[in-house]
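Quick one: the structure is below, and I'll ask about it shortly.
Residue numbering begins at 1 within each chain, and the chains themselves are lettered A, B, C and D in the order written.
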Amino acid sequence: MGARGSAMSHLVKTLDEALAPITDGCTLVVPREVSGVPMAATRALIRRGVKRLHLVALPTSSLQADLLIGAGCVETLETSAVSLGEFGPAPRFSAAVTGGSIAMKDATCPALHAALQAAEKGVPFMPLRGLIGSDILKYRPDWKVIDSPFGQDSNKADPIVLLPAIKPDVALFHAAMADRLGNVWIGRQRELATMAHAAVRTVATVEKMHDGNLLDDPVLAAGTLPGFYVESIAIAERGAWPLPLPDYYAADAEHLALYARMAATAEGFAEYLDKYVYEKQAA
Amino acid sequence: MNFRDEELLADVIARLIGDVRHVAVGNASPIPATAALLARERGHGRPYVSLLGSPKHTFWTDGGRELFDCAGQGRIDVFFLSGGQIDGHGNINLVSIGDYAHPKVRFPGSFGSAHLYYVVPKVILFRTEHSRRTLVPDVDFISAPGASEPNVFRTGGPIALVTNRCLFSFADGRFRLESVHPGHTVEEVVENTGFDFERPAQVPETPAPSPETLTLMRETVAPQLAEVYPQFAAQVFGVGQAAFAR
Amino acid sequence: MGARGSAMSHLVKTLDEALAPITDGCTLVVPREVSGVPMAATRALIRRGVKRLHLVALPTSSLQADLLIGAGCVETLETSAVSLGEFGPAPRFSAAVTGGSIAMKDATCPALHAALQAAEKGVPFMPLRGLIGSDILKYRPDWKVIDSPFGQDSNKADPIVLLPAIKPDVALFHAAMADRLGNVWIGRQRELATMAHAAVRTVATVEKMHDGNLLDDPVLAAGTLPGFYVESIAIAERGAWPLPLPDYYAADAEHLALYARMAATAEGFAEYLDKYVYEKQAA
Amino acid sequence: MNFRDEELLADVIARLIGDVRHVAVGNASPIPATAALLARERGHGRPYVSLLGSPKHTFWTDGGRELFDCAGQGRIDVFFLSGGQIDGHGNINLVSIGDYAHPKVRFPGSFGSAHLYYVVPKVILFRTEHSRRTLVPDVDFISAPGASEPNVFRTGGPIALVTNRCLFSFADGRFRLESVHPGHTVEEVVENTGFDFERPAQVPETPAPSPETLTLMRETVAPQLAEVYPQFAAQVFGVGQAAFAR
């Protein structure tokens, strides 16, 4: 593994370099609030001015989607919900949907998990129970209903929804640590592995580098995404701030409340961007 | 014994939960959480209670899909849903008001409702605001339907709707007024409900929580709740941070 | 969790008690050689004289299936391969198939993984690429071919195989450790979690008990199957012997070579059972 | 330079591997493993090599399904398969001889072949025993077919068959004799092959491994191989346990 090992250390890059695979117009999948949201990376993408993202939030999002939408980076959004949780609705998301400035692909949580798993398994679709009779299904012409060939009663159709695989160009998330071989410790957040398996490329930010090979210790290996799937890594301390990195740090409730207040208006949101996103670049 | 609205609602919900194996409660649902923990105390450890959003009260190690897989396996018996709108057919709307393509109001989204509503045997709808704005004849967007055609695979669905005014049961595609909470009236319920519903000639009053129930909630449930909902536990039950030590 | 906690400690039983859910005629799923094969449990089942098992070996088996088949415990076997690896063919398996004493449901590895994942997700089937034109498919009337509604070319059918979910009555495996709440540390062997999710009941044997709650430590939790899915646990030190428990102990090559020699004939196999399976009961 | 049969075969296979990203080698396949490691040395770290059955040389953390998922994702470029029987259509049989319901001989089973053969772009068939018993006109049981109808999703399949006597390429549903190994003859190949195959007017001899290749195999590859196949490495390359220290 010597040659591979030395080649792999080039994976660790500056934040901006690591984010290079996320190009204008690409399909980007990001995780839910408790699974390691790459907020430092999100601010860097906004500073770079990424455009026309097809954002897939697995299966929901909060501040991250709201910021990207407010900053004009998103063309379509596929997700099951965007909300600031106890801090209220996601104001830029709501404004963009009612204002018609983004295209919505409304889903339901397990449908997004299943569609990513389809790409992970290299199959064109996954079936899912539920959905039939909902308006979610009605507005998703890309989802198909078939009569299951395994229906119990041959006299009655057994309709079931098939969801096409979602194969993102890039998966982006934040995690506790990585090693120089590109292995990333993701713990119980198994959907991060599914995202990486499903996506063409994976970019991770991490709190810190781990000395040695995460796969050498069976206990750490159990929670590790192999570097085989990883394109680039950047160190971003407190890289989920102001969102939490569960088991490591809590959400910054005060800042989230501030965001909810400022982002309630377009002007306030612009001020927030100036102060908390663009300022970082100047610093 | 005096009691608070929250205590009455939790008691109502605990009775709806009944004798089951596993109750899962979504994020930001302190009253259903109180009810689930109360049911567990009464059942001496049964049902198993998962409080989503609390790593201490959930067991998931397979990522975000595990809750839904678990429901698909038939391993979640009770779940709670709500809606920006709920209609008389049991349909819930978590998406938008107005035309979907050009909505007047946008809600967060459907979350897992379009799956869980079909596969969790007892879904309890819970919406404290009981008004013609929230309880409508027909929702503008069906995040998940209250009932399905007979050949659609469905092992679950709504069994009841609990509001700040009353308890409705749900069966055969319709709500039925089961009881009106103390201090409220049938007329008030009719006036504030946008959909038709069945009702018996005499609508009973929702029974007040028994002194034993109140004691259990305040002394045993509240300290457990305080770990997940400290503000709620303090406000409703006067349980402070000290309870964490228990 | 107090009440639940005290109830849960009843999960830890003697080996024979723990195996009670594995009744005559049940569908039992067991893992491949490197994922923790419950050999002590297998010998206990043979001593008890379990009959008519529908054995699903995910996705392959070695000594375990050969022993169960030779001892007359198996009615049907669904798997992708049975072999003693470097020790040669599995002699009792080969004899049973050529002698017609068990019914075979030949599969291919990813088909079994997918069929268990279907049960895990509560869907009636999973699609899989490949298989078309093979005799595996030809002899599996329970597998269906449909025309994928997501085919790229509307003028051409895009046939794809649908595999019905496998929902075993019991999942049985051996792992490194468990705690008194029923949580079992399975490490990287994620198919053990899928087996447990898919099965109605799960029985695990473990090398040792872990003090405390495996879910309390995020690093251990990443490799833990929650006790929620577990019916019973028994301690069985070196419970995979003579097979390996990877990261803990290697296979007993000498014993496996001995088995291969003895099991080559029905008489030798009977002698093996007397010496290495039934003797344990007398001891 | 003198060389052993195993060295010749590994060199042939390394050339078939070509310039790819990822080669996966199944259990108990020391010669393909030698070839994959040789290709990696020549490519200065590319391709990535997974040796199944060796925790040191595999990265899997998602259980037994990850290999197949990985292939389904298009992330495995080269894999090796064999067969109790291999026929002239590239069909392989890993199941049984005789009628499937009442077989005369039972092999272990198809393993992952009925998926991997379809989705790994370069499948190299490897069977050292080259006889009319193993290379047959038609297999008794098709574990996986060599070719498929045009509308069947197939991104992979066999590209070659390497035996102890020769190298066949495979294209358009047929084998073609590409070269005969030193010490063997075309007549011998014809005599020992149960299926028809194409061949050029002049069949070249398989080139011997170059001195550079032999040095690379013996000095650099063999010590790596010894971790996984100590017996093979010792027998073929004379590499002992001491190599572990490297």
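Convention: a contact is a pair of C-beta atoms (placed from the backbone, for glycine too) under 8 Å apart; a residue touches a chain by one contact, two chains touch by 3 or more.
Remember, it's a predicted structure, so these values are computed and weren't measured experimentally.
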Chains partitioned by contact, chain C not counted: one piece
Cα-centroid distance, chain A relative to chain B, in whole angstrom: 29
Between chain A and chain C, centroid-to-centroid distance (C-alpha), Å: 35
Centre-to-centre distance between chain C and chain B (centres being mean Cα positions), rounded to whole Å: 39
Chain C residues counted as touching two or more neighbouring chains: 110, 114, 117, 121-123, 128-129, 158, 160, 188, 193, 221-223, 247
Residues of chain D engaged with two or more neighbouring chains: 60-62, 65, 68-69, 72, 119
Overall pattern in which the protein chains touch one another (line/ring/star/complete/other): other
Pairwise chain contacts, counting only pairs that touch as defined: A-B, A-C, A-D, B-C, C-D
Chain D-facing residues of chain A, complex: 1-4, 6-7, 119-123, 183, 193, 197-198, 215, 221-228
Complex contacts: residues of chain A adjacent to chain C: 110, 114, 117, 121-129, 144, 146, 148-150, 158, 160, 162, 164, 186-188, 218-223, 247
In the complex with chain A, residue positions of chain D that touch it: 22, 40-41, 44-46, 48, 57, 59-62, 65, 68-75, 119
Touching residues on chain B, where the partner in the complex is chain A: 27-28, 53, 55, 60-66, 68-69, 72, 94-96, 100, 102-119, 141-145, 148-153
Complex contacts: residues of chain A adjacent to chain B: 31-32, 34-35, 58-60, 79-83, 85-86, 89-90, 93-94, 97-98, 100, 106-111, 113-114, 117, 128-139, 156-160, 188-194, 246-247
